[in-house]
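Look at the two complexes coming up: chain A is in both, with chain B in one and chain C in the other.
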Partner chain A sequence: MKLFGHKVPFTAQLGMVIIFINAFVAIFGPWISPFDPTDMVGDSWADADATYWLGLDNLGRDILSRMIDGARLSIGLALMITMLSFSIGIVTGFTAAVMGKWVDIILSRIVDLLLSLPTLIFAFVVLSVLGTDIPVLVVTLAVLDSTRVFRLARSVAVNINALDFVEAARLRGEGLWWIIRKEILPNAVPPLVAEFGLRFSFAFLFIAALSFLGIGVQPPDADWGSMVRDYRDMISLDGIQPLYPAGAIALLTIGINFVVDWILAVHSNSTTTEP
Partner chain B sequence: MATPDIHPNHDLILQIDHLAVEVPSGTRIVDDVSLELRRGEVLGLIGESGAGKSTIGLAALHYGRGACRIAGGAILLEGVDLRKLDPVACRNIRGRRVAYIAQSAAAAFNPAIRIIDQVMEGPLWHGLMNEAEARAWALELFHALDLPNPDTFGDRYPHQVSGGQLQRAMAAMAMSCRPDILVLDEPTTALDVTTQIEVLALLKKLIRDFNTAALYISHDLAVVAQVADRIMVLRHGKMVETGPTSQILLAPSMDYTHALVAERKAADTLSVISSERHDKPVLEAHDVTGIYGTFTAVKKVSISVARGETVAVVGESGSGKSSLARLIVGLLPTKTGAVKLHGETLAPALRQRNLDTLRKVQLIYQQPDVALNPHQTIGEIIGRPVAFYFNRTPAEVKARVAELLRLVGLPEDYAGRLSTALSGGQKQRICIARALAAEPDVIICDEPTSALDQLVADEILKLLKMLQDDLGVGYLFITHDLGIVRRIAHRTAVMLKGEIVAQGPTAEIFAPPFHPYTEKLLSSVPEMRTDWLDEVLTKRVATAR
Partner chain C sequence: MFKLISQRLALGFLTLFAASVLIFSGTEVLPGDLATAILQNNATPENLAVLREQLGLDRPAAVRYVEWLDNTVHGDLGKSLANDWDVAEEVGPRLKNTLFLASYAAVIAVPLAVFLGIMAAIRQGTLFDRFINGFTLLTISVPEYFLAYLLVKYLAVHHFWFPSLANVTEDTPFFSRLYLLFLPMLTLLLVTLAHMMRMTRASVLAIMSNPYIEMAYLKGLPKWKIVIHHALPNALAPIISVIVLNLAYLIVGVVVVETVFVYPGLGQLLVDSVSKHDVPVVQACGLIFASTFILLNLTADVLGILSNPRLRMPR
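And then the complex of A and B:
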């Protein structure tokens, strides 16, 4: 199999299939879900059978339906956070690289400051103070994540900025926005795409972790992380219910990383073979 | 040159038969090349980039660079076919019997290891000498190569010595195992002319003293003529002709060789460009000084360019000629003095200058590869200045792009392509078109031809000259190549250590009485004679006494 002129190894193909299935479920969830995820359809912790493929949960809700519903929230949130963090990180990172001097110094020191704070603890504090509704969650995590994107975007842009065609644009009198958008961004896409995949899976895991700790997604909404928390008591009773959402988290993370590894490999090859 | 007392069969050391080298797509980058090399003989491989010179040189070590694959033929080292050897046997031959000297010594040395340890590595790794022997031999080589303080030279790290010294240290590294064959891949191309002459003389002495056979790869016929006994001319991976050096220089039999020789000779002869009176200067720099940190790159330099005039700035690397260009365009703010355009003083820094003054002075870069955004089409690249400075409609921009492409001799349908698919010469034409799109009064050309092959560079120079005649644009032409200066410059300024040491009409600069530095530069340019190097060296020794 080939994609964009590059051979796709088996692991990357597998990763793509996993991502595709997850995306499909997240988008078409309400139509494919067998039951309403909030309906109590039977006894609590009922075993799996032909009707309820994964069994029922502590309140007698269908676990499969809740997983399908949780996919939308888990993936949707992670996607929003990653996109927002990339918008912030790329614009600030490129600006720092192109403007240089004191703009670079100030932005870089602010980022160093944010990076020096332990992310989980910092998110904990912000969410406890500002409350845990979804917009606050998204913005907080995006800002924290954008510091990593800033670092990458800046270092990539510093290299591109040193090339003659950027200097030619500057000599022409082009403004900052043109240089960032037309001269630097198109040449910085491959490493940023690879980083996007990586950041997406980190954001995804981070929401899951926050939800597990009780400060992420709040009931009655559920994502996979909060489902693991809700079902965790069953571990001591030999139940495998918490493993379903946990497995879904692991599977999607691995799938994304397979694809990211491939993108990184393709990118590093194409840069080393260029003269 | 066969040494008569050796048996003829042993005399032949390297024989390459019908060599073919392929890239993964199956294209043959070297096709059906055969050569023979005898002990003590130097064979020059000449050709433009892409001719397959380096590939053949590396094939002598049975090595394919990158994804290149040796696809056919035989490489016989004293009768043993390297292609039939296993990788271990091959490693034993590389460095020990066939050694390689690369173009960029700076890239060939590990910056974190002392020079002597890198020179001793070969004989130690191959188990040829013990530590003390290897050290003694390295010091002997440093002496032979005339390195400064040879006994302690090796204790330095690569970044602590000059480019010419590092190139000589690499020659020592290549000789460390006393190889039978040296492959020299453009060993002096990255050096200044005055340094090149020293390295060239020492390499020649080294080859003669140790009776080593050598493949000397270069694009410069005049350089090869000084060291090679025979020359092989290559083009597109195929042999054009082979013959004794003097025959290739004086009586080449193929048209291509003829063109190469004629082109190289043209650079030696003084052209008849007159320095007739020009109008008052368009661009002037008065006593400009440029400083990087604490280093003064340009000291109180004054220079001017008039309409339709070409002013050349020559000097070696580090002489401050590129910094002068950066001062004029405003990338490096001036510390003293002023840059004037049409008599009006320009702001010292780029950001304070208005669009119209930016438009009137354009810059053409040395490396067309990095001067064009690889993700923009040629139409976008050339069209942007048109749209940006003149506020044209998309249709007008399109028409102007087509016109500019015609002007620089490229087909109009190139507008939709990406620059990455073009050759170096074509890319430089795009850069020229982009500069012209701004309708400038002066174009600053920063070594626009030094990254190009001889014949391609010649085409670019002709284009620049033609454009000057048609459009009356002035050029400030920065170069280290005196041949180019003689052919195109009306006036010339010679720079040394940030200062202009001589300035005037080109004909006067290149005629006695010379400034001593100009004379040194001039006499260091290789000439198309086999005896040039020896002659210059004898002359220099004589004057030194």
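And then the complex of A and C:
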């Protein structure tokens, strides 16, 4: 199999299939879900059978339907966080690189400081004051995560900024926004795409971990992380229920890592072979 | 060398100071303050004003910050909002538990990771190397609780080899503590091992392409000798930095593992306090976690300088 003129190894193909299935389920969830995820259709913790493929949960709801429903929230939230953090990180990172001087120094110092703290801990401090509504979660995690995007965006843009065509644009009198959008962004896409995958899987794991700890998505909403939390007691009764949502989280992360590894390998090869 | 190290130390303490400001101001600059956090839905303007005065929130933030920092470095972490307990008394034993679990995992993970990493580098391309690589790629991308519940299911529930809950008390003897904590330790081990091992392997292999390594081959040294004597010393700095980074991760990663195994550590306290909006406890725990993280990174910097003769002996 070939894509954009590059050979796609088996692991990357597998990763793409996993990502595609997850995206499909998240988008078309309500149409493929066998039951209403909030309907109590039978006894609590009923075993899996031909009708209820993964069994029923603590309130007698179909686990498969809840997983399909949770996919939308888990993946959707992670996507929102990543897109927001990329918007913040790329704009500030490029601005720092193009403007240079004190703008660069101030922004870089702030980011260094935020990076010197463990993200999880800082998120805890913020969430303990602001509560755990979904908009708060998204903005907090996006801002914390944008620091890493800033680092990459800045270092990529500093190199591009030193090239002649940017100098030419500046001499013709183009503004900051034009230079960022038309001169730097198109040339910074490949490393940023790989980073997008990494940041997405980080945000995805992070929001799931917060929900698992009980300070992320709150009931009645449920994502995969909070489902692991809801089902965790079953593990000591020899149940397998918490492993379904946890396994779904693990599978998607592995899939993304496979694809990102491939993109990174292709990118590093193309930069070393082409002069 | 002393100039370099003292620069790093100064920078480290500056970061520590800035982190404390950040943790303190995290509750200041955000909309809503301690009083609204406590009162939640009962927050009428009058109630708020009274409580703010009680808590001293009507005074300027800078004054309160200095007071807070002064109390904190003197060991007074304030009182919990949820149950009025002294935070320092609450935190002390839990910090000990968390450190115990983290060092238990570290003592086993670090030597094992370095050993396996070197072995994989020596036997590069063999079945052993590829197996280790594949296995660690899996454990790297999987969330901690997935690994933890898998371990519980197969090692604690199917076979009653290890306990699934780590309910230790103050006077649990050392060896039964080790036994009770085996599964949490194994989870942390699996999560951190992969990263450290891959980095050790990569750093050693990066050195192996140098001309002096080829010279060592040509003079007929066996491969393990080349790796140990010629490659490893030069690969030490990146290995040390990734080990310390993982130790810092251990301290933070325990939060999830403690919740899975209901282990009375600092992470669990932190999580409980966040959902109870117990800001003083969150600040105290946050500061402890953040300073451990910063101090470990500082240690990595200093060790990195010490392990490099070129930095050790400046011209």
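What we mean here is this: the second predicted complex is superposed on the first by the 275 of 275 C-alpha atoms of A that agree within 3 Å, B and C clash if a C-alpha of one lies under 4 Å from a C-alpha of the other, contacts with A are read in each partner's own complex, and residues count from 1 in each chain.
Here is the rule we go by: a residue touches a chain if its C-beta (ideal position, glycine included) is under 8 Å from a C-beta of that chain, and two chains touch if they have at least 3 such contacts.
Quick caveat, the model's predicted, so the values are computed rather than measured.
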*asked:* Both complexes share chain A, so when I overlay them there, do chain B and chain C fit or clash?
replied: fit
*asked:* A:I235 in the overlay: touching chain B, chain C, both, or neither? Say first, second, both or neither.
replied: second
*asked:* According to the stated criteria, A:N187 is in contact with first (chain B), second (chain C), both, or neither; which is it?
replied: first
*Have a look at where A:L120 lands relative to chain B and chain C in the superposition and call it first, second, both or neither.*
second
*Applying the touch criterion given at the start, work out whether A:P220 contacts chain B, chain C, both or neither, answering first, second, both or neither.*
neither
*Check whether A:G173 is in contact with chain B, with chain C, with both or with neither, and answer first, second, both or neither.*
first
*Among the partners chain B and chain C, which is in contact with a greater number of residues of chain A?*
C
_Contacts for A:L130 in the overlay, against chain B (first) and chain C (second): which applies, first, second, both or neither?_
second
_Using C-alpha centres only, what angle sits at chain A with arms pointing to chain B and chain C? Round to the nearest 10 degrees._
90
*With both complexes placed on chain A, how many Å separate the closest C-alpha atoms of chain B and chain C?*
5
*For chain A, which residues belong to both interfaces, chain B and chain C?*
none
*In their complex, what parts of chain A are in touch with chain C?*
113-114, 116-118, 120-122, 124-132, 201, 205, 208-209, 212-215, 228, 232, 235-238, 240, 242-243, 246-247, 249-250, 253-254, 257
*asked:* Which residues of chain C touch chain A once you look at their complex with the stated criterion?
replied: 15, 18-19, 22-23, 26-27, 30-34, 37, 137-138, 140-146, 149-150, 152-153, 156-158, 164-165, 248, 252, 255-256, 259-260, 270-271, 273-275, 277-279, 282-283, 285-286, 289-290, 293-294, 297
*In the complex of these two chains, what residues of chain A are touching chain B?*
163-165, 167-168, 170-174, 182-183, 186-187, 273
*Enumerate the contact residues on chain B facing chain A in the complex.*
66-67, 329-331, 350, 353, 355, 358-359, 362-363, 365, 367, 370-376, 384-385, 388-389, 434, 438
